[in-house]
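My questions all concern the structure below.
All chains are identified by letter, namely A, B and C, in their written order; residue positions are counted from 1 within each chain.
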Amino acid sequence: MDLSFYIQLLLNGVVIGVIYALVAMGLSLIFGVLEIVNFAHGEFYMLGAMLAYFLSMNVGLGYWPAVLVVTAVAVALGYVLYEALLGSLRGQSFERSILLTLGLSMVLQNGAVFLFTTTPRMMQTRYSYSNVIVGDVRVSVMRLFALGLGLLAFAALYLILYRTRVGRAMRGVAQNREAALMVGIDPRAVSRLAVAIGIGLSGLAGAALAPVYAVHPLMGFSFVFKAFAIIIIGGLGNISGAAIAAVALGILESVAGGFLPLVMADALAFIAMIAILLLRPQGLFGRGVRV
Amino acid sequence: MTVALLQVRGLTKRYLGLTAVDEVSYEVEAGTVVGLIGPNGSGKSTIVDCISGFQPADGGRWLLDGHELTGLSPHRIARAGMTRTFQTVRAYDELTLLDNLCVAAQEGDGVGWLQALGRGSRLRGVEKAAEARGRDLLTTVGLADYARAPAGILSYGQRKLLAIAAGMMARPRLVVLDEPVAGVNPTMIRRIEQVIHRLNAEGVTLIIVEHNVDFIMSLCRRVIVLEAGRKIADGPPALIRSDPRVLAAYLGQRGAAARGHGRR
Amino acid sequence: MRGGWLRAFLVVLGVAALFAIPRVTGNEYVLALGVSFATFSVLSGGLNLVYGYTGLLSFAQVGFFGIGGYTAALLVTEQDWSLWAGAAAGGVLAALVGLVIGYSSLRLSRHAFAIVSLSFALLCLIVALEWVSLTRGAMGIPGLPVPTLSLPGGLRWRLGRPADFYYLLLGFAVVAHAVIYLVVTSRLGRAMRAIKLNEPLAQSQGVNPLSYKLLAIALSALLAGIVGGLFVFYLTIVDPSIFDFYYTETMLIMVIIGGPGSFWGVLGSSAVLSALPDLLRFTTDLRMVLYGAVLIAAMLLFPGGVGGWLQRRRLARWRRPGAVAP
């Protein structure tokens, strides 16, 4: 049993876990603040990756500028999404919001398939073939960049949620909506920002991982289901719980994937979710329990 | 000495670090109409939510006719004989008024699921009886004309009447009315008052939670007063009216209370 | 009650007409549409029961459908069961699974149930692909034999022609809808509607929301499982594509357009939408884009579908002055 093999798996797991966390935290933020499960969340991840691909392969942008542009576009898309669609739904129409975002996901996904076909594309960057080698462990530079981006995004999100007024307002609404509203928080402003941040995180995750795995219109589809499972495991509405569960899942999947067929590792998320529901329904960390 | 119909002992509820209800105890005798008043935030609605099972209590127990209700889910408490209305008036807007009432009656009448599907004569008999009682109650509250109308067309005051009628369908021992006259015009207030009298005359025990102090004082022979989660007074209206603690609790709202308008 | 008799007469006429179609035309294409309609109407009817009547958004129907298909296929090919028994077992298994996922997630919230039902459907797909020793993996179980059904009276019916499956699936669809109709027009259906319309009010009146929700889930799962068991024999193959999300999207559209909670609305829309795709000859992707757009528009503008629009007209009639009898 090769130690470096394990370390390799662990590192890969951390990278994918961090990316899972970005997507799951965005989903959790939107759910916590608006009580909406954003079915189309994976599609913004996919669009982020597709846009990054397009910018770097067709427009010739470098990796970092492409990521920056994609994130900005994603945040803007989040605003548009809220204003155009989600804002007109009130908190109590949970089923309507799921169906609305499902419809959006159908439009985006199938539209992308129609326009771009399902052929996977590989995004090449200047760093694509570079690796960092420490002893027997080889890590591609792109993965390291993805990890770095993810951690940067974590830090930014933490700063927003814990050090700004509007971030506190978001946490307040996610924890106890009625109390927050009574205190005079403007739900629309908070919701708009939550959606913008959530979609932004999703797009950033897509752009970060675009050079690592293949890019194709259906990549968001399975991703988002895992994100759903993650937020249940972490605890509905608990943003940091989602992050922790995400990273843990990434590591678990990676390590298990070293020994089991890959798709079995894929099923881990759902098996874990079912186990959590049967044993500890409020999730590992419950709602609103901050770590 | 008979056991009181409702016994509440040491009811406690905490919310976000605040103690909304603090060791409240009281008893309600069968056949009485008891008022529950108090300034904003005194815990009235929380008590109702707790004893009807909609909010978990942090401490205390409550019994109906000697049967333990503590910790039961809302539908079990309803089947045990205590129903309630809601501050935010609730009705099934898409169902007819009669259907609204028949739903309220169906869980307690002993008809099982298979019988319900079987459409046998037993079921028909039970449904007919429920319908007849429903029409009766609609007549009592003055909504008989709308029996086949969808509940969504009713005015706010009419919805309150419907809610009271629905609360009566299953022949409960105890009905808790949560702000039955809030936001309602004076004519309707009088109508609701009459309805309550008639229901009480038929033997139903009522607890009425209200902001409208005048309404409570004229309707109830016994009034419980809450402040900041604690019971501060309990007795006939005359005594309550002159109780210095009650006056102090309503200080600043006293003038408003005397005019019969609760403050939101 | 002339209205009731008229409606019953029309229904019988319609069903008789549907059964007569294979005698009028042997066109296999028409028969295939009929099978598709029968199957989808059962799926969307069950979804309507869970979502339209009880208010529980669920994505699990396709999971039950596929579980029924695989169970029937395996029992018939490996254990020599009859098709009746295999399909029935598929339905029962699906219902049990439905109860488990329903009970475990409804304790938490209906949000959790929606998410779990979704993950359940995806998990089914993964299991079908990966548990090769059970499900044969991506290849599935092809070459399902032509079933022979034992009918009362000692008759044996060999389902060799497309028309046979047409009769079988249509017949089951009629039975399934009769059962659904029986439930929704009874006090059980009334309780489900009460739960959807105002759950706290229903609770305060003694209605136990969990038991009715589980009933709706179990019944819809049972019907979906049985129709799945029959459907795979029509296809003569069961493979992981039976869990395709496409089925879920189509069922949802049928329920949304027909009107959640409207028995006839959903039945009608499932008929129209079964025939439509081939009439319009869109590619699947564009059709899905269109469905997605319809979903968005429906949620923003007319969440009640056709049935809801009819309901609002009924309401408006009551609101007109003089509508109330003195």
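The rule is simple: a residue touches a chain if its C-beta (ideal position, glycine included) is under 8 Å from a C-beta of that chain, and two chains touch if they have at least 3 such contacts.
In this text the structure is predicted, and so the values were computed from the model without any measurement.
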{"item": "Farthest-lying chain, centroid of Cα atoms versus that of chain A", "value": "B"}
{"item": "Two chains sharing the most contacts, counting C-beta pairs only", "value": "A-C"}
{"item": "Inter-centroid spacing, chain C versus chain B (mean Cα positions, whole Å)", "value": "41"}
{"item": "Chain centre separation in whole Å, for chain B relative to chain A (CA means)", "value": "47"}
{"item": "For chain A paired with chain C, centre-to-centre distance based on mean C-alpha positions, whole Å", "value": "33"}
{"item": "Contacts with 2+ other chains: residues of chain C", "value": "none"}
{"item": "Residues of chain B defined as touching chain C within the complex", "value": "52-54, 73-75, 78-79, 83-86, 90-95, 99, 102-104, 106-108, 111, 113, 116-117, 119, 127, 145-146, 149-150, 152-153, 166, 169-170"}
{"item": "Residues of chain C defined as touching chain A within the complex", "value": "51, 55, 57, 101, 104-105, 107-112, 114-116, 118-120, 122-123, 126-127, 129-130, 245, 249, 252, 256, 283-286, 288-289, 291-296, 298-300, 303"}
{"item": "Chain A residues touching chain C - in the complex, by the definition given at the top", "value": "31, 35, 37, 85, 88-89, 93-100, 102-111, 113-114, 221-222, 225, 228-229, 231-232, 236, 261, 263-264, 266-267, 269-271, 273-274, 277-278, 281-282"}
{"item": "Interface residues, chain C side, partner chain B - complex", "value": "182-183, 186-188, 190-191, 193-194, 197-198, 200-209, 215, 311, 314-315, 318-319, 324-326"}
